[in-house]
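Labels run A, B, C, D and E following the written order; every chain starts at residue 1.
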Amino acid sequence: MERVRLRDRQVVWIAAVLAVLLVTFSVLRPGSFATSFNLLNLVSDAAILLLLATGMTYVIITAGIDLSVGGVLVFSAVAATKIMDATGSLLLGAATAVLTGLAWGLLNGVLVAKGRIPALIVTLGTLGMSLGGALLLTGGVDLRAPGDLNLGLGLARWLGVPQIAWICAAITAVLAVALARTRFGRHTYAIGSNAEAARRGGVAVNRHLIRVYGLAGLLAGLAGYLSLAKYGITGVSAHSTDNLQAIAAVVIGGTSLFGGVGTVVGTVIGVFIPVVLQNGFQILGVRPFWQQVVVGAVLVAAVYVDQWQRGRRDQ
Amino acid sequence: MERVRLRDRQVVWIAAVLAVLLVTFSVLRPGSFATSFNLLNLVSDAAILLLLATGMTYVIITAGIDLSVGGVLVFSAVAATKIMDATGSLLLGAATAVLTGLAWGLLNGVLVAKGRIPALIVTLGTLGMSLGGALLLTGGVDLRAPGDLNLGLGLARWLGVPQIAWICAAITAVLAVALARTRFGRHTYAIGSNAEAARRGGVAVNRHLIRVYGLAGLLAGLAGYLSLAKYGITGVSAHSTDNLQAIAAVVIGGTSLFGGVGTVVGTVIGVFIPVVLQNGFQILGVRPFWQQVVVGAVLVAAVYVDQWQRGRRDQ
Amino acid sequence: GGTTTQSGPIKVTLIQGLAGEEFYETMACGAKAKAKELGVQLDVQGPQKFDPTLQTPIVNSVIASKPSAILIAPTDVKALIAPLTQAKQQDIKIILVDTVVDDPNIGLSRISSDNVKGGAAAAKALAEQIGDKGKALVISTDPGVSSVDARIKGFEEEIKANHPGISYLGVQYSHNDVSEASKIVNAALAKDPDLAGIFATNLNSATGAGSALQQAGKLDKVKMVGFDAGPAQVKQLQDGVVSALIAQLPGEIGAKGVEQAVAAVKGQPVTASIPTDSTIVTKQNLNTPEIQKVLYKAGC
Amino acid sequence: MSSAPLLEAREIVKSYGHVEALRGADFSLSPGEVVALIGDNGAGKSTLAKILSGTERPDSGEIAVDGEPVVFGSVEEARSAGIETVYQDLALCPDLSPAGNFFLGRELLKPGLLGRLGWLDNAAMRGRTKEACERLGVQLKSQVAPVSTLSGGQRQGVAVARAVTWARRVVFMDEPTAALGVLQTQRVLDLIRGVRDSGVAVVLISHNMQDVKAVSDRVEVLRLGRRVARFDTARVSMEDLVGAMTGAIEHENDR
Amino acid sequence: MSSAPLLEAREIVKSYGHVEALRGADFSLSPGEVVALIGDNGAGKSTLAKILSGTERPDSGEIAVDGEPVVFGSVEEARSAGIETVYQDLALCPDLSPAGNFFLGRELLKPGLLGRLGWLDNAAMRGRTKEACERLGVQLKSQVAPVSTLSGGQRQGVAVARAVTWARRVVFMDEPTAALGVLQTQRVLDLIRGVRDSGVAVVLISHNMQDVKAVSDRVEVLRLGRRVARFDTARVSMEDLVGAMTGAIEHENDR
């Protein structure tokens, strides 16, 4: 079995790649890139993706995958908007988003765990269902968030940093620790490492898988609410690449698609590398098409540096 | 290790699901669905995806993945158009498309095999690079195929079936046999099953991986040329979901994302199930948003039937 | 924002609604030509999808790079207000091109094309082509893309209001995928062999639909109206794949946008609102000079 | 055989597709005894062990614990009946540390609030794992390296130590010493005796007749998915054992 | 030791991260002899075998074949020097059939044009695999089922049969009988003698001292990554072997 092993030391390497990018851009455009304005924007742009990618990290460590996150996000945002429009309560809206996301996640989990259907198919199916469902609810027209959500939570800051970024950072931190230090995290690794061994070891594999997918769904639901607050619209057409973005972040961060290894810290770095690249190139004024080319190349190079440091394996 | 095992018997099951779908739609709408006109269209629409999915089958059986197919397709089509515009030779255009595709594929293969970079990252990178490259070559404006390609190969039929469909079917058939019956196919399975064991067994794992990705790239290049003939346009913005479509077809067809198992025959069925569903629901007059929901649900159900037949595993 | 004149070279950034689309690329061409003429530096940026969540980070990056002015085609009337307000606070002049935002305080000048009107024009063109009767289908990209939704809205309203003879079959979504569009038309033909007309709201939809019609040998029976007038679309028109095109004026929008931006930066008066029109292009009027002028340019 | 059997299996049938792994196998185990389950390769020993430890479900047949019929729906159920197993393929999670595997499904948590939140007490788990492995003579050079980096024998040591530590009534050991060194094998045999003396019954599956003779009280022989013979170890010769396994002798009818 | 060694390793060092698997290990093998390589769990036996069969590369140290220094860059290179290996973890592809594994990397092709195209001769491969396995007494119930469905012993049988069939000069066997039944073990020991008699040298890694005594000509003992003793099998006692493995005796200085 070829398994890429992730040691703490190796997260350091991919972090070093990120640091090099940050330094390079700062040197090239000190007055634009390395400003608190720009760095805060970076953080705030990455915040919502961070939630999705953190959930995805758990799922991928169990050797699963979740393609449905974008659809669930949109569905939850739509459901929340409907509830908020009906009741006027932002809190109820938040609850709706989170619970709707959780419900979709649990559905994924049940189908994967009990139905033994490949996660890719399950979540591709629920992606279609949730997106289609959101479109049915809205008639295909983007809904707008209530103004006091968009102008409230959407713009609010603590210590100069957007509240949304704080929320995402806090949740990510909690889940990073939970993965590394708790029984829940341990079982997540065990299942991805060898599901049969975990089962024989007495881990309730099915229940755990359902929880993990539920968690990913819940985070997608919350992301839907935060995205609603931030952008003020449900974005029914805007989230079709969320899944790939999140998966890419997870894999860049050193989590193996074959399960069993990975960290949330790695994922955080994996979220920031493409965001920083894109931002840096935009500030440098690189044309969009070139950006696509260069971001692609740097991505491969970044992971290569990491991989190469993990020791040149024999041929 | 949880590995879904694919026996011939099991391809039969997913084929049965497809048959049920065909029969159901035929009974519901005999005059519209079950016409030779409509069925021919189904085949012709699926033909090009079939090429991509066949290449993807090889890649996934080695436990890899290729997200770059859509970008490579577009890049090859653009390169071919440029060459045809310059030289006026359709044949040179075809050669250009195939070779360009091959080159991208080999690049993927080298990075995966020698660079030991996860295939997801490599091909996500080359997806960006090839799409960006195509946009750079065209300035973002779609190029037109030469008229004699579009009106020639694009419309030509043999025995009433579009030549493009014949070509795709023939190539798929050859590759299906090659996978099942030749040494090349055997090594593909071996690498996906246990790359280390294959290496110790004397299989030139790296060289083989490079070839497999090269094959997938070559097929994407050819698909680019055929798509150019069929639609008369390079479609620079039109292929962003090709990769997921192809992967879904492969997985529906019973190939495991963990490698080692799978058949091209399964993939063929996996290509047709979503195509038939979409076509059938549209003919039934199901509203577009409902289509998305129902296609998602039926997809999961179809694979479930298959999975369930593979034997209810113990909890 | 203030009206202080700026020293040093004037730097303008155009933020497209969607990078790599003919409409916006033509707009960029027009803007570039004008920028060259006026001796200002022009950068072009754009998201890979027509999507506010992708455009917002770009706006933020562009703000960080401190241009004198931003030309932007906002991808949403609300979502872009916040980032553009930030830009305004940094004293960057904002000119809205093609699309707009809901906040009237944003955009010193708005040079807009009216997609609802464009859709209505498409309905008129299609009605004329099919003799005001028969079944008509719309093929679009994805639901929720506001500019395209507006075209559909205009189309539907016009059909319902003024063309009772046309039976409207509704919208199918191709997800901007040619083969998907082809599949849709194939199924539509199987379901309604007497289909009379198609409105394809963008290039990829028209391409796929055209291919399906061509394969079915129905090009002359089913009339199609496309949107935008890039070289590829014009070729389709010449080949008889589509019978009419709705042309907007992206190049002009770009050029005017740069003009206004430069004026704003220099503290000269700007025009608050410049509407632009859409034109119906057919095979018949294609070669007239007025029409040749509105066709989109192929790269630059 | 006297005394109510602790664990009994009757007429167990299990097929995988066309392959009949068990064709009506019987088995019984009394409290506090060490039974060796022997048989040729492919005789069905591992399959029987998996069925009796809840990992696989039989197609037909009955299982009884203390004379009460039971159905093991999951490993959990067998475990709560006090049954632990060392699987032939070890069933370790390659990416977890030895301690992670040792305590898999039974993790030690920190005391207090943290523990309530599921916080792992890694230090304690490492310590106890080290101890248990060293009792078998298995030295682990690193406590945090994943088990995939251990040598074959080290892995087996972890698996054996785990099962023995948690078993309350029965422990199945499917070729527990196959990869172990001479010293470690000796320790495992000692351990088996120790376990038996502490009241836990042991089922030893092994191809090593010396070991079988050295440690077991009784021997049951499987052949082609059926029990073909049972012996008291003290009264059986090596030749008889080999004969029963290879089919030269059939004994079962004497029960 | 007289006669130019067929295969010789000197001062081999290999570390995995912080773990020093080999700390200057020596090894030598003469043509036509059976050498048993023994040692405690984790002594480095498998690592040495992997290095000498081209699977892993040493950090330092020399390897010589027929007195000529060689560097095995890949398994291919070791194989073309006539060296085959039965790995402790077997190294089979679980999804391939026994025949697929047996002929992995050396597939038989149909004669003629089809063969040129890479067409497999599955029937022939199955036949020869069946034969080779049966020679070891390993019966495969299905020729097409993937090896992941075989019993532990059946898998090992396939791996042993494969290595022995292809070896021309040396075959490494890393605990080849660990999962085998009594009969099959006997057959493998016979096979080892047969292989030796046909001129192929055998390196047997085993924890079973009976087997070692029964079949080997010489014994080399590894301890903590170093060779600590070498014996002529005929002249060594069981106690000496165990003593050398556990560190009670150090012999190496006598070389």
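Everything below uses one rule, namely that a residue touches a chain if its C-beta (ideal position, glycine included) is under 8 Å from a C-beta of that chain, and two chains touch if they have at least 3 such contacts.
By chain, UniProt protein names: A, B = ABC transporter permease; D, E = ATP-binding cassette domain-containing protein.
Model, not experiment: these values are computed from the prediction.
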Contact distance in steps, from subunit C to subunit E: 2
Least hop count linking subunit B (ABC transporter permease) to subunit C through chains in contact: 1
Centroid comparison with subunit A (ABC transporter permease) (C-alpha atoms), farthest chain: E
Interface composition of copies subunit A (ABC transporter permease) and subunit B (ABC transporter permease): same or different, split at half: same
Subunit A (ABC transporter permease) and subunit B (ABC transporter permease), separation of their C-alpha mean positions in angstrom: 28
Whole-Å separation of chain centres (CA-atom averages), subunit B (ABC transporter permease) against subunit E: 43
Between subunit A (ABC transporter permease) and subunit C, centroid-to-centroid distance (C-alpha), Å: 32
Centre-to-centre distance between subunit D and subunit C (centres being mean Cα positions), rounded to whole Å: 71
Subunit A (ABC transporter permease): positions in contact with at least two other chains: 1, 135, 140, 194, 196, 240-241, 288-289, 292, 315
Multi-chain contact residues (two or more partners), subunit C: 19-20, 143, 171
Per-residue multi-chain contacts in subunit D, two or more chains: 55, 74
Residues of subunit B (ABC transporter permease) defined as touching subunit C within the complex: 29, 32-33, 35, 37-38, 41-42, 44-45, 48-49, 135, 138-144, 147, 154-155, 162, 227, 230-233, 235-242, 275, 278-279, 282-283, 285, 287-289
Sites on subunit C touched by subunit A (ABC transporter permease) in the complex: 13, 16, 19-20, 43-46, 48-54, 56-58, 60-66, 76, 78-79, 81-82, 142-146, 149, 171
Residues of subunit A (ABC transporter permease) defined as touching subunit D within the complex: 1, 3, 5, 178, 181-184, 186, 189-190, 192-194, 196-204, 260-261
Touch list for subunit C against partner subunit B (ABC transporter permease), complex: 19-22, 24-25, 143, 170-173, 175-179, 182-184, 186-191, 203-204, 207-208, 210-212, 214-216, 230-232, 235-236, 239, 241, 298-300
Subunit A (ABC transporter permease) contact footprint on subunit B (ABC transporter permease) (complex, rising order): 1-2, 4, 63, 65, 67, 111, 115-118, 120-122, 124-129, 131-133, 135-136, 140, 194-196, 206, 240-241, 244, 247-248, 251-252, 256-258, 288-297, 299-300, 303-304, 307-308, 313, 315
